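Letters A, B and C mark the chains as written, and numbering starts fresh at 1 in each.
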């Protein structure tokens, strides 16, 4: 077993790091402050292929692997949590299910535009009354001739309004399973601009404030019959499998936030002087940093392991759940400690650590809360 | 059009230089990067490729590790890469380096050669013009803009207080300023391909038109008599004087440092 | 190569628009020292079109001999005809030392000429002296005397190397402008003037000059400024920055500031030096009324010379300043400006 990255992954990391430092970091404060979607950064990322990293070249992607994509999200998150989640939601939650479950026609139609970044993707599962609990879904899709008619709404949708292509989970009927009536769930590809598809209110968030989070509203929204993704009734499995991949992206985002906070804190404690010496010379500081660094390293190993599992295994739910659970909790813990070590400067906006702590919190919540990850992990243990 | 770009791997001095506890430069701790002016030269070549169509070959001379910058160049969009490496070429000054690179370039077809103005480790700005002399072709240094018009290159050549618009025949050598452009990034897919790509490696034996008297340390007319790492400065002088005396003191210091 | 044949310290006397550049006089000043040590003469080589009239000015700055290469092809600087001219001068006159300014012209001409006459060239020298090579005797190796020892910074100024060119002539160096001292003008001095024209036949290496565009000054980036006059909270008010602006103007520099000044709305953010502003590396940095918080110092500690003026003698800025003045900036700065202006006029 070799923990060293090979040449191509090392070079890719250097690329993402350089891009993040030069193009993303200078805007991060402003993106947070104004809550504006960083459209120019997204355009730049599109130009350099960052929006189709794990997609095969024949579909307009970069032909790289999940680990490379993971490192991209990680490096972006080190400087800007918002930018990282844009890439993650687009790649993991929109391109990935089309590549995995789409017909050849669907892949040809949607993936080249998405992978090249000409179009942006999003994923709609969550509803006002249903999060990861698929049976709580209310949005309905009814087949009417050659069209599916969608009615209902989705909330907290990352890349909402700015995305062009949406993967939407909806109820397509009631089935009986072992004597119980259950909702039949299917997934669909819906394009922005389809009549009956509109956007509700923009959410104002604690963190990742530049990411565009919207409510999606479907009112007799008619989409072509062929826009069903995967077989009818397979939507729940598709959604869950998609979230497994998404969790690796969010785990990478959490990891990046933690790493970014740790880096800044290490630099800060060497400079900041109290009682005549740098605070790095205090044992409390040293021990705190040691714990932070150890946890970050452990999180990195879990995240990379999950990325490798996605590349080589059919199912990687448990790996993804462990990576996300741990990395998200480390992100929260490390950023909280980083703020503490920064003292007053940690609490003011100019010093970024404050933003990182706010950004970290969401990683414990979206794409399955930490509690849901624990359910997945323990469910596998006790099955 | 065939473009040859010369690049050099240099230690990164951005964000500060690393020192050993004894005050000497810690080269091992510094990242090795593609020299910034060379990267601008490569970008200029890639833009000509995008605009007019061209084959871009990158050449470097250095240790085997210098292949890293060649892979970076390939990942940015260069077509071919050549590493000139041989123990006997080591320790070369600008004369020996330019003689060697000129010999390597003679093995290639070229319409245009682009080098960076200067490398951030040596800061000499000599190798580009010297290659052009060895190849007996025109040189335009300090390019801030490059265009191709009916078989000629049109270059804005920077001076301290002006620029000249120059037109030269091809083949021609241009030295690029880092202000010339904003170099593109690699792409992830480009990196994966570059890591699979073959890098041509040439040793002494592959360089035909080259005299042994002009290579390596022995073939370098300039010799290092003494080298030292600059000691970092700490606090200087602090004086408390009345205003008139303060001004006299400052005028003295400014004159001493040739500031006035 | 018979090294003994090579005599004299030669200087390429750069001219632009038929006006000699300051570097020409600086090189002559240094050449005079070197020629004294070598017991030889100082010559200036001036290349251009209708430039014979420049000989006296070169003589007044220490040239004993002036070689004039005057040809219509040389009107505006182009690498090839100039390289041809200077190479032919070297081939004919065989100088022992050939100094060229490390300017946009000299850094193009120098390497091309050195390659043509097959000698070494040391770039961007900041110190030149005559000495032995090797500096200390080495067993089994001849120690050559009367060598030009050329000292230059490398690695962005982080290392210093001294270079010799023991086996080739001329010993060539480009010299950084503003480092060497010119001599006081010798009024009425005359030099031996020789005209030399090696003939100019345009070939593939001659480039065509399509346009000459002189720069118009634009708004400046403090990162490009050679001299920065930076103010902090201690300046007291936005109006009071005027005294800093006047000092900057007298020195040909620019004004920058600390974070406190930006936070107070006295100056725009693009003038801010420091961790959350810009990192600057000017030749001279004046820190006026700046306490020198670490976040500020991180952005300016690489300046070549740091001059601090602050009324608080415990201000941390004094820990990084080369020259620190404890005093009232309102009294010191205007007076300094006045004296700098006076000094400029008297020159």
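Convention: a contact is a pair of C-beta atoms (placed from the backbone, for glycine too) under 8 Å apart; a residue touches a chain by one contact, two chains touch by 3 or more.
Because the structure is predicted, anything quoted here is derived from the model rather than measured.
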Inset, instruction - Report back the single chain whose CA centre is most distant from the CA centre of chain B. - result: A
Inset, instruction - If you tally contacting C-beta pairs, which comes out ahead, B-C or A-B? Let me know. - result: B-C
Legend entry - Geometric centre distance via CA averages, chain C-chain A, whole Å: 54
Inset, instruction - Find the geometric centre of each of chain A and chain B from their Cα atoms only, then give the gap between the two centres in Å, rounded to an integer. - result: 41
Legend entry - Interchain centroid distance [CA atoms averaged], chain B/chain C, Å: 21
Legend entry - Complex contact set, residues of chain C against chain B: 16, 76-80, 83, 103-105, 107-108, 110-112, 114-116, 118-124, 133-135, 149, 153-168, 178-179, 181, 204-215, 227, 251, 283-284, 302, 305-307, 309, 313, 318-328, 331-332, 335-336, 339-340, 343-344
Legend entry - Partner chain B, residues of chain A touching it in the complex: 6-8, 11-12, 15, 18-19, 48-50, 53, 57, 61-64, 68, 72
Inset, instruction - Give every residue of chain B touching chain C within the complex, in rising order. - result: 11, 13, 16-17, 25, 93-95, 98, 120-130, 132-134, 136-142, 154, 158-169, 220-230, 233-244, 246-247, 249-251, 253-255, 257-260
Legend entry - Contact set on chain B toward chain A in their complex: 71-72, 75, 184-192, 194-195
